[in-house]
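The structure under discussion is supplied below as structure tokens; questions concerning it will follow.
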């Protein structure tokens, strides 16, 4: 291509983005950030670029991050043994303090730094900051997982306040009950609850798979509630994909327009999902 | 390229635009629209796309249009003979009413329609609407060009009001004095005056040439005041390019950061000027 | 009268206006401007004075103008033959461009100039500006009147924005559909639709007759829906009065408090209608 | 005159008022109310009409009233003897409580009632309400007139707050020092201080004379500072006219555009002063 | 106690107040001020301190005062004989003018002064100021008590306006009908109506008794509607306590959360009621 | 004391607080939180109560916390050896990540929880969140302490945004440069810089000593710049007290009204400092 052709190509791409920019102007997009996109240096940088661009073209991205591997890593460095029961981390008080320290003090701040480097203004929060997430105990009778919680209610005031100042909120999936007791909450479910509370336009859950696959390994582009239930019953959706699908489904049931389970290993997965028609994963509909 | 490569290419281009979006966020860009870009159907559509995109990514584009050929065309259809003295249209009262009718009723509305088709909200104004441009007579002693004026002062209130509502102003180069007498003003000079009054970040003047060329026909990328004066003296800058260079120069002298004379025949010339480093014409500096 | 008596007389008149100023404070008054009041120089000036005064004493006048004779005049100057079918102008694409040019470029600007001369700040709009009026085709099957439209919906945002800045909107009766196709709409019906969309206090339609006359030529001060239908059936209301009566009636049916068909040949007809009890024409009630 | 002529006459008067309405739009007019205009039932009603009209057409009238005769009257009813030293009321604590009671409880409320009857919303204040007027003792050494004060400073916040709500402030000329001690202040001087603190457009002082008269009894239309000093020296300005002239002069010296001493016995004196060129008394210039 | 113990004691008391400050933050508290608290110098000062403190910690206190004894006192000084029929003051026009003068000119201003001395900004109002209270005649057929009124409706706009400026409104229980005719209204009932119109959190009525006592003279801490009716029937609640109980009851019936009849003879009765659990009188519930 | 005496005592204490509440209303108080007050459970709870009370009575407390001991503790648990050179922690990249994790993830969140338990809404920030603190390297030439920084500039926008929403900011002393590189900054100096940037009324530095003591161990109530320099030269002020004194001094030099070094071991030290005249430590003046 001649330099002039290259320029024209560029202009065309920007113009192709216009209808998407118009469609999402002023809309809230909740993003569950995790997996490879949180580990690979290139993907990390690209994720931050995508989020900052979304903010500049008028969307309100809200990021919720996980951090299981890093938590387990730190526990091991401290001589503790991470344990899980049915996929849920056994969270006694000491584990809880490690969880909070790693999520709010390491991972959250790393994301803030990435956004900072791309020219954005991130503000890190846990569900305790600004009393954003009121949590309650998930399982009543197991002492050892005392600090595993679920979202009881969301007070979005702090998010609205930050929004006025053009800040990008980055949220660690931790909540507290009225007494201030801290809870470790599944990040997918936090993302789903926030999307519902904010009447978000979209919930985007980044994963390390192309989307939901059927029993033959083929990507399912769209999933209805009924189909999801079938897939769970058949054991096709299981393990770590369960809370993702549940969060995606409950979000759309509570008013979010669309939920998507997308492949975070694709460079600029967020931009591609937002700015193209084909999408890059599985869409969950109510 | 595979489809996936294409997608990645797209994302890259969007990301390349990010620093430019950040740099111009909230800034006013005054655009003098004219020439081929106002005639060729593709260029017209692309111009409107560029302007609407600029608005969506947070800039405040303000458009000033000309319309000499269309005015002359209508005069001929009405059996009148367009006359010019030293490049200035002889504007008696009857001509003035044709000028106003064609500028405000035909050309302005065509631009509004183009913006409308691209999803934007344009609002057409003359300098009389909202008392935007107070004009005065340009040449005192020639009765025949009684209605040729220049900008006396600008009251930008109507532009600020429209800005709050996310409207794109499109301005016909017509003003009035205190008695309501209407004046036909050179569109380049109106654009320059508005850019100065709005403390614009940029003034972009669309032309049908690659920019200012030196005596050998080579594009001059940057022009200082001194060099401009030299080029005028040498007769290199002359004719219709004179008011463009003057408007560009006086704008930067009154606080506009940069003026550019660019080639409106290049598709998406605005986007290329805004979103690339190389620029697409001649930059005038104070 | 002695000079002092004259002064007192003046003060009395101002004080008599007080209850009307109080009653209409902050209220929207939509005015269909046309006929003699748009031709006679004295009536024109008086109309502009009335509108500016209304604005200053706290009302929100919104003006919709017509322009049939001027359009036909320009068509003839351009060698075209104005045609009408059942009172509706045959509007092919070329006619449409003349209609738009004359309405938006000549008549609208003349009204803006009049308001300007009286110290007000008018802003001229068509239904395309700020996407004010979404139009649709009035008659589906007649190719020749392809561009005759009716109001599909009104987005009053641009009017509210202008209102904040104390501008007086002056509207040409033109709309566009989603594709940007332009339509010529009956000005009486545009005025009625805007009055309804703005929940106006009053719709005032200026005519060149004293009001609605009965078969004996006597002015009918008040007309109910039922009576209107009777008069139409009896052929008493017909021709150009039909859209006026329809607009007036539909406005009150959609929430406007009162519609009036008044005699625009009376000097200061607007002031007299607003600031006196007797009124100056026919009032249409729901 | 025929009824139609009468109507036209009315419209003309309203239109004549337009330039004055434009000139004073958004401007503050401080009015010292007193004398016959506060006693004669017709003048009282006309005064309230004028003030309410001024408010509706966009001015900000601020009223300061006096009340000497009523205070003396109440003192006599209570068996007390009003005393004056050099025109200043001897104000011991008991007298002060009568002054406050009559000004704030009787006269102020009567004015509020008049404004109420004309459809306005008055709010009565003393200088203690909202800490509007900080006062200090006028004469340090005379125990008997302990409570005669002068304006130390003005905090216009309460007036600005009321202005947002379209209320008309009516102020009794009473102030307090930091300890809460109450002072009786000359109403003319309070009006002058408020006009200065509010950067008023006009200070209007209502009197029971045609204005300032020269030694031959001829009305002096305009008075400069120098001329005022001469007239005082010559004993032409003296007695109760002294504080009026002083207040008028000091107001213009502190930034009020014009001060006027006008004849409150003329019906609608305020309207005539505001809405005509000739004026109705003496204008004091800096 | 050592000085350090004293300091700690102080801190503890402040901290004990915290939950009450939180509970009442941003809430409106209407206070009927009267009785001993309006006479005893210490109680007066303490009342003003309490009100100013309430304002500073984020509540919106609104004060309504009475003034029966002072009115009767002034009437006697003026040689008039105060008369009552069934506890209601016979209010002919002359009495009405005394009532207004004493309430608005003496008592109201004394409260403003007290608040001023404690560092607050009070603003005195009657129901006529800002058209706060529209009143109507209480008893239709008795000419002699022509000016005894009741609250017809409340327009709280002036209170909301003052609230923005952090002013404390102090209200004299006087209203006017549309014609401006002034009415003397029972202050307890005015307080109840204002509390209802403002959806107040609390109505506090200061009295000179410990609260409502049963037939044995024991304080009744809580009273329901039914119980109130019983006590009235049994003659236990009677005389001046009747309007207080009625105002308290009707306020809670119209949406006020709690009404209290408290002992104004207790120092800082307001603070104690607000900042402690036990309360200091009788609570009326719906 | 009888119960009634106790009540009165309580009211008196609240009233004593009134002048302090008035004096600090709307003022910013920056608090450096550290030492025993961050360890002892009672002192921690009392600190949070004090801060929440300050917020409710209209002040804007901004908390900056340290955390040296906790950082060293975590380093040891992870098998790392904390090292200091001249009192400054040797901060290589690995140490920096521990510092950030412990400050932002453990200590900050503990303070947020305490505030939460007292009914307040805290929001935890580092200097990277909202780009609050731009940092630069403190010592250029020592590789091993590469990440020890100092404040380069403060952008208080995020603090102003949170202030609108009535949130209490809690800040970890970490900053970043333009590249996103993270720096560990002395908390006292961060507090001093924020106090200056916010034009705070007060900077309060909590310590574990009664204040600055002279060579004989006597508390020095007030210290001037000159005296501070003398004490440093004499070696009386040294070690950890050095940055505190420097921060306190530079804050007052940059416009903070008063800096105080106070004894954080005293229960409710903040309240006592704010709400009493005697103060509880050493005041530093410019």
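Observations on the structure shown:
Think of it as A, B, C, D, E and F in the order they're written, each chain with its own count starting at 1.
Following the convention adopted for this analysis, a residue touches a chain if its C-beta (ideal position, glycine included) is under 8 Å from a C-beta of that chain, and two chains touch if they have at least 3 such contacts.
Just so we're clear, the structure is a prediction, and the values are computed from it rather than from any experiment.
Touching subunit D and subunit E at once is no chain at all. The minimum number of touch steps linking subunit B to subunit D comes to 2. Superposing subunit A on subunit C by their CA atoms means rotating through 120 degrees, a value rounded to the nearest 5.
More than half of the residue-numbered contact pairs at A-B reappear in one of the options B-C, C-D or D-E, namely C-D. Inter-chain centre distance (subunit A to subunit F, centres taken as mean C-alpha positions): 34 Å.
Spacing of subunit A relative to subunit E, judged by their CA centroids, is 55 angstrom.
Note on chain placement: the centre of subunit E and the centre of subunit F lie 45 Å apart, centres being C-alpha means. Touching two or more other chains at once is no residue of subunit A. Because contacts link each chain to exactly two others and close back on themselves, their graph is best described as a ring.
On the subunit D side of its complex with subunit C, the touching residues are 4, 7-19, 21-22, 25, 46, 49-50, 52-53, 56-58, 118-119, 266-268, 271-272, 275-276, 280. Of all the residues in subunit C, the ones that touch subunit B in their complex are 77-78, 97, 100-106, 108-109, 112-114, 116-117, 121-126, 128-131, 157-158, 161-162, 164-165, 167, 174, 176, 179-180, 182.
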